[in-house]
């Protein structure tokens, strides 16, 4: 099972990821891409992507990037999100990478793009610090 | 229309808040409480509340707290979330308050509790920095 | 050696803390207070306390609060600072507390006050996530 | 006066920057580099660069990057720092860039390197969100 298959399997196990329609589209060691389609249920009060879902995509992509170097036994300790522009589009693409892997914690970073009429627009960025859990023995 | 009614109206306008089942339960000047029930669709891969929804509750409660002092024309610029413990419970309660109101930006803070078997457990905290938008003229 | 004595000893070992004139004034399990006097060398371009020193006080107080529950073998992984108001005063007081202790990481929080003409003004807040290092064996 | 000269002038007006020995070495629209030499007074208790000075370099470089697009009337609202590795070296180099400029707020990002025996090591990164002040009239 390669990194992409491992992440697609983890992604399928998370009920909320399935509801969101998140798909893992790229995975290599230390870097991943995920995508999510727009639909009305993911909107905030003025019809843009809800900030909570901006956070969801950034946290999820960062966690998957970390899993490519440390396996799936990880929990986010802290994540931080910058909302740069109103997030509006037909599809959202989050690209995350590992900034610094470690034995007990992994630093990651992510950029989020909204695809509108075929054009990518940079709408948010963020970071996640993940704790590496001890694998069950 | 008092603060609670204003927030309940804004909350009802956000499709994602409705899907989440978020309810505004307390609102006074500078402080609010919101609640969300657990259901399987909000879970991550091991059955806890998805970090994206932890962020959703913190960002939403912070935005509502800010709206009690500055009205609804606000956008989150940055939010940051600490996942202190696995978030597991029948209900989640976010309590947010305004730390510092300003003309162009508002600093807020939030604690998140999971209610499990009638007991509140402190599972996450966070903060949101909101930009005050110019009201349409 | 009690908590206050332990922290005063660590504080005295850090050259930069000595240059700043930082003193540990209160220490109990999970909570500390430190103080630093104003002088011209700590100013930014318009004569307020430099944001880097706001961060220094918050990071230092958070680290000391964590040390009261986990001992001194700690390193800050991430710290975040909100500059709420221009930091101007004769003395600066940082009060930090442990939000959540853990075996491998400790979440802390801090408020910073400027004392001006005998009055405390709340000028900044922040948080630090510390990693617990393995003690040398 | 070009961007580099403007920043060198601002840098010289900040007493703490002068004490630190910070120099502005590169400035173009949206991107800057600053440097600071190691000396014993900038150390924490085990002799690495104090986290407060890691924050100082990141906040300062981010503020200078923002000033290249918005002029000097700026204040940091929030800054966040990741300490990736112990910061040890003869010189520290912070490289910052504007992620998203705006009328009222500017998002910036920074990487910090320690130069040890002629080799750059990536030791920290961070971000600063700056508020654009109304120029005095």
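The first chain written gets the first letter, and so on, giving A, B, C and D; residue counts start at 1 in each chain.
Please note the rule applied: a contact is a pair of C-beta atoms (placed from the backbone, for glycine too) under 8 Å apart; a residue touches a chain by one contact, two chains touch by 3 or more.
Remember, predicted model here, so these are calculated numbers, not experimental data.
Taken together, subunit C and subunit D share the touching chains A, B. More contacting C-beta pairs link the chains of B-C than the other of the two pairs B-D and B-C. Relative to subunit C, the most remote chain by averaged C-alpha coordinates is A.
The mean-CA centres of subunit A and subunit B are about 21 angstrom from one another, to the nearest whole unit. For this pair, subunit B with subunit D, the centres built from the Cα atoms lie 33 Å apart.
Between subunit B and subunit C, the centres computed from C-alpha atoms are 29 Å apart.
Residue positions of subunit C touching 2 or more other chains, listed in rising order: 77-78, 80, 82, 129. For subunit B in complex with subunit A, the residues that touch the partner chain are 10, 13-17, 19, 40-45, 50-53, 55-57, 59-60, 63, 72, 75-83, 86. Touching subunit C in their complex are the following residues of subunit B: 80, 82, 84-85, 99-100, 107, 109, 122, 125, 127, 129. Within the complex formed with subunit B, the residues of subunit D that make contact are 77-78, 80, 104-105, 129, 131.
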